[in-house]
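Each chain carries a letter (A, B, C and D) given by its place in the written order, and its residues are counted from 1.
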Amino acid sequence: MAPHYNMMELMISVAARHLEDGKTVAVGTGAPCAAAMLAQKTNSPNLVVVFEAGGVAPLLPEMPISVGDSRTFYRAVMAAGMVDAMTTCARGQVDYAFLGGAQIDKYGNINSTCIGDYRKPKVRFPGSGGANDFASLCWRTMIMTVHSKTRFVETCDFITSPGFLTGDGAREAAGLPEGGPYKIITDLGVMGFDEETKAMRIDALHPGVDVEKVQSETGFELIVPDEIGRTEPPTAEDLRILRDEVDPLKLVIGRA
Amino acid sequence: MAPHYNMMELMISVAARHLEDGKTVAVGTGAPCAAAMLAQKTNSPNLVVVFEAGGVAPLLPEMPISVGDSRTFYRAVMAAGMVDAMTTCARGQVDYAFLGGAQIDKYGNINSTCIGDYRKPKVRFPGSGGANDFASLCWRTMIMTVHSKTRFVETCDFITSPGFLTGDGAREAAGLPEGGPYKIITDLGVMGFDEETKAMRIDALHPGVDVEKVQSETGFELIVPDEIGRTEPPTAEDLRILRDEVDPLKLVIGRA
Amino acid sequence: MNVLDEGVGPLFTDPDPEAAREFFRGKSRAMVDKRMSVKEAVERFIPDGCYFATGGFGANRIPNAICHEVVRQRRTGLGFSGHTTTHDFQVLCAGKCFDKLDAAYIVGLEARGLSPNARRYMQSGDVQVADWSNYALAARLRAASEGVSYGLTRSMLGTDTFKRSAAKVVECPFTGKKYAAVPALWPDVAAIHVHHADMFGDSVIRGISIADYELARAAKHLIITTERIVDQSVIRDDPTATSIPFYLVDAVVEVPYGSYPGNMPYLYFSDEEHLAEWMRVEKDPDEFERFLDHYIYGVATFEEYIERCGGAERLEKLRKIENLIAD
Amino acid sequence: MNVLDEGVGPLFTDPDPEAAREFFRGKSRAMVDKRMSVKEAVERFIPDGCYFATGGFGANRIPNAICHEVVRQRRTGLGFSGHTTTHDFQVLCAGKCFDKLDAAYIVGLEARGLSPNARRYMQSGDVQVADWSNYALAARLRAASEGVSYGLTRSMLGTDTFKRSAAKVVECPFTGKKYAAVPALWPDVAAIHVHHADMFGDSVIRGISIADYELARAAKHLIITTERIVDQSVIRDDPTATSIPFYLVDAVVEVPYGSYPGNMPYLYFSDEEHLAEWMRVEKDPDEFERFLDHYIYGVATFEEYIERCGGAERLEKLRKIENLIAD
């Protein structure tokens, strides 16, 4: 009998399994941080967590509120600065980074800047922060988001952070290093990107979700491969670690 | 009755008086360091001494042997790095720097790299070290050297560090910031540079030295202004400080 | 110079290294007592219309006493930038102090949500904006700190962030690789909050440095606020720990809890309740006006503000949270 | 890209950032025990023909145990660079280990004079040289550390140092100013001597850092020699002090007195008598051969070398000199 879990617990568990051992991950607050912590306690004990403001490999005592707060370098091996963190990405030493945003298009480009006219926006969001840097410089960017038509759009109002831009070869033409979006973990499943066209495809679906449902919540046509995986739900051990060790205050997993 | 002094003591005293209060000076080992220390204890208590390897405003307990040894940041206010030291020069925050070399031409260009064919030199010297950086980036470079025809040459075998290159406007044309050689303190006097042509001229002569003597020890024609100053010999107080406080082991002043 | 592409964003500051060198040439390196009050530091070094930058990261080690004073002195027409500006940005938006902005991260407070008043201000069209990434902004400061007029990064390429910046695309003369060339940023004045400093300005930061190493060197004038002023012997005992030397500094202001309600590593955690109150009252402009009258305009000093927020008792609680001490 | 001028010096390493990224992609970030002997570190990471760089500054905080082992293992055909290389350079010249050289400061030992043997080697024509300034070389490492293929400096312009370098003159796209563009330098391997490190490579340097922050990040492989290995808790107690994180490091070698006869700040001063002996014996090539047999080829380890130089008694004297303790 599978244990009961909520959607956030599922998404975090699925994200955690994508983080390979012996690699580096740049995380923000919330779910990505929980995913990295869970990975360290399960499949990837040697996963190295870094924060954009300078914290390297902290022993996180609790969830940070800010990617620059004290927790992000609590008993860290190094409390450096932003230039060090970002140039580590630029040198090719950061494998994964987690991004979020208000809009994402089929090439994984992300908008976190504004809706409407740039000069007098209908809605102004934070902008890049470190997101554009991570999306430009890390090997594999990961996105965790709810899946809806307002979020998965044909065209972003503003491309804050690069995915594959206009498709295959576009990153290289723009001067960006190899990299780009890797997996998008949503409340419906896991999206990936086609190796040739770099357009978004369905990789796997959560239990009980079908292709029609995903497509209906997406504002552009998804590639539907012949074989679509099923995401593995969190194990009892995943849930115990997540609830007892990673997020005992339920700051993240309590929200779902 | 003037106190007795040797040539090195004279040169150091003269150099010290050129270092204004509230300014920064990048020094090497030996006489320049002694000059900066003497200036701090006489005319320029707020002179800030910096070293190219990163030491800032140390309380020098004795003469350094290396511009990167422990003495250069003994009880310093900051022990930084070379990039910090050199970029401080580049930003325009270092006023004076002392240079040396095997050859110097009439525009104050300096050779500390080689004599003869570059690829298989007759004599190989250290090269730039930090000298080219100081000569390029500081406001006023100072040179302390013995005055001889083999040293003051028409053409350097190799221009390691820039003076005024080929004369007025040449630094700007090459892309160098404003700056360049300021005073050359030799065992015969103090040489400066003509404001218009940027060619070397006699500023002042040491007691007992005349124009003919200086010109005969110089491999190119010096500009001889109508008015030539006389260097002031070290005062008794200068000598006391130099001998008792700055260089009690006579590492520098004992050599002359 | 072949420029392959360029952003259309405004450039608010002069990237000419000669102008910066000339400025720095005239700035004294004398090791003199630079202690003054928050009020005096703002009066002397942050005039209307100047370009101001904050150190720290959002609500972490921010020079909040300076931000409050800028609002209290009703500064207008400033240029502004900072790294992941959250609460500092919120405070300056409250006073509508700036109308030119180099934005990297604005409006939001990270996990705490978005500031209603900052959004209103940024959606008003009253602020001229250039967008950058956090690293691009750091690279601009780094270039200035190096005395050169531009820096290089591979961030921003191919995006609207690039388009709305003032960057240009150039090619490497060795490899042909494309880079975003970002113009050096020399702020007229920066404020950085540190753990301790001597009266001359030699400063020590504990924990992450964000981009404050670069900012301290790029800023033409530098205000240091410090949790405590120490004798210079403390600095000279451990010169490895110094990241800001005195000759960069114009003002040294002792402000215990100067990052409040932000986090100060090792000393006090952020006051999440008070930050939540800011977010709540901002929803109603009238209520927010009363809030500002109570907490900023109606007090003479930052110490009074902290007093109104709960004073010593509150601070003791934040000290415990910071140090993971259970109540 | 308009190149206005370019040096004719050789470029020994590839400035392509993609090649470097690909290398670093494959390098593990796992926090594993990296302790090994000097012998093993040199065998594994410094093969014949690779490009090697030393940290420190001349005879200050140099990885001298590694330099001796490189000579003892009779490495040849190396590329080499370092900042104000003095005694480290002298040691490698003794073994004729390199034949490609990025020179900033060579041959001399600062106030100690010029090395006769290093001069002979450099005047032989057997070494291919590019000349740089100290800062230009640091800027090359810094560019590599930033993951870009070139850096900018206003040094070297207008001189033969520029001409004999591999730099190029480019123009700023914002101001038209000229800069020397210097190609990123990613050494195949670097060795840096530090005060303490944990077994994973997290390293702490006390005092000036020279260009070792940049070198540690630029080097593809990194050997840390350390005065002592500490438990990681020592590192985690004060993460602000760490300048080299474990993921940059390939080998951690505990070598007490590893900078001998060079200076190690706070621990021991340089052995000026022994350095003077090097200079003296170098005058006569035959005597120098016997000297090298005695001190390098004829010993199995660096510890034996130190023993032959006077061992504990000598080191105690250098400790006193360093700490200004009168005998």
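Here is the rule we go by: a contact is a pair of C-beta atoms (placed from the backbone, for glycine too) under 8 Å apart; a residue touches a chain by one contact, two chains touch by 3 or more.
Quick caveat, the model's predicted, so the values are computed rather than measured.
**Student:** Which chains sit in contact with both members of the pair subunit A and subunit B?
**Tutor:** Output, common partners of subunit A and subunit B: C, D.
**Student:** Is the number of contacting C-beta pairs greater for A-C or for B-C?
**Tutor:** Answer to which pair has more contacts is A-C.
**Student:** Starting from the mean Cα coordinates of subunit B and subunit D, work out the distance between those two points in Å.
**Tutor:** Each chain reduced to its C-alpha mean, subunit B and subunit D end up 28 Å apart.
**Student:** From the C-alpha centre of subunit B to that of subunit C, how far is it in Å?
**Tutor:** That gives a centre separation of 40 Å.
**Student:** Compute the distance, rounded to whole Å, between the mean C-alpha positions of subunit C and subunit D.
**Tutor:** About 37 Å separates the centre of subunit C from that of subunit D.
**Student:** If I count partner chains per residue in subunit B, which residues reach a count of at least 2?
**Tutor:** Within subunit B, residues 55, 73, 79-80, 90, 137, 177 contact more than one other chain.
**Student:** Taking each residue of subunit C in turn, which ones touch at least two of the other chains?
**Tutor:** 17-18, 146-148, 153-154, 177, 179, 206-207, 239-240
**Student:** Given which chains touch which, is the overall layout a line, a ring, a star, complete, or other?
**Tutor:** Its topology fits none of the listed shapes; call it other.
**Student:** For this entry, which pairs of chains touch?
**Tutor:** Chain pairs that touch: A-C, A-D, B-C, B-D, C-D.
**Student:** In their complex, what parts of subunit D are in touch with subunit C?
**Tutor:** Answer in residue numbers: 1-3, 6, 11, 15-18, 146-154, 168, 170-177, 179, 181, 183, 205-207, 239-241.
**Student:** Residues of subunit C touching subunit A in their complex?
**Tutor:** Subunit C reaches subunit A through residues 56-60, 83-84, 86, 103-108, 110-112, 114, 119, 122-125, 129, 131-136, 138-139, 142, 153-161, 164, 169, 177-180, 206-214, 263, 265-266, 269-270, 272, 322, 324.
**Student:** Can you check the complex and tell me which residues of subunit A touch subunit C?
**Tutor:** Its residues touching subunit C are 28-30, 51-55, 61, 64-70, 72-73, 79-83, 86, 90, 109, 113, 118-133, 136-137, 158-162, 165, 170-171, 174-177.
**Student:** Which residues of subunit C touch subunit B in their complex?
**Tutor:** Contact set of subunit C toward subunit B: 17-18, 20-25, 27-32, 144-148, 198, 200, 202, 217, 232, 235-237, 239-240, 242-243, 245-247.
**Student:** Which residues of subunit A touch subunit D once you look at their complex with the stated criterion?
**Tutor:** That would be residues 21-24, 46, 48, 55-57, 59, 73, 75-80, 83, 87-93, 95, 137, 139, 177-178 of subunit A.
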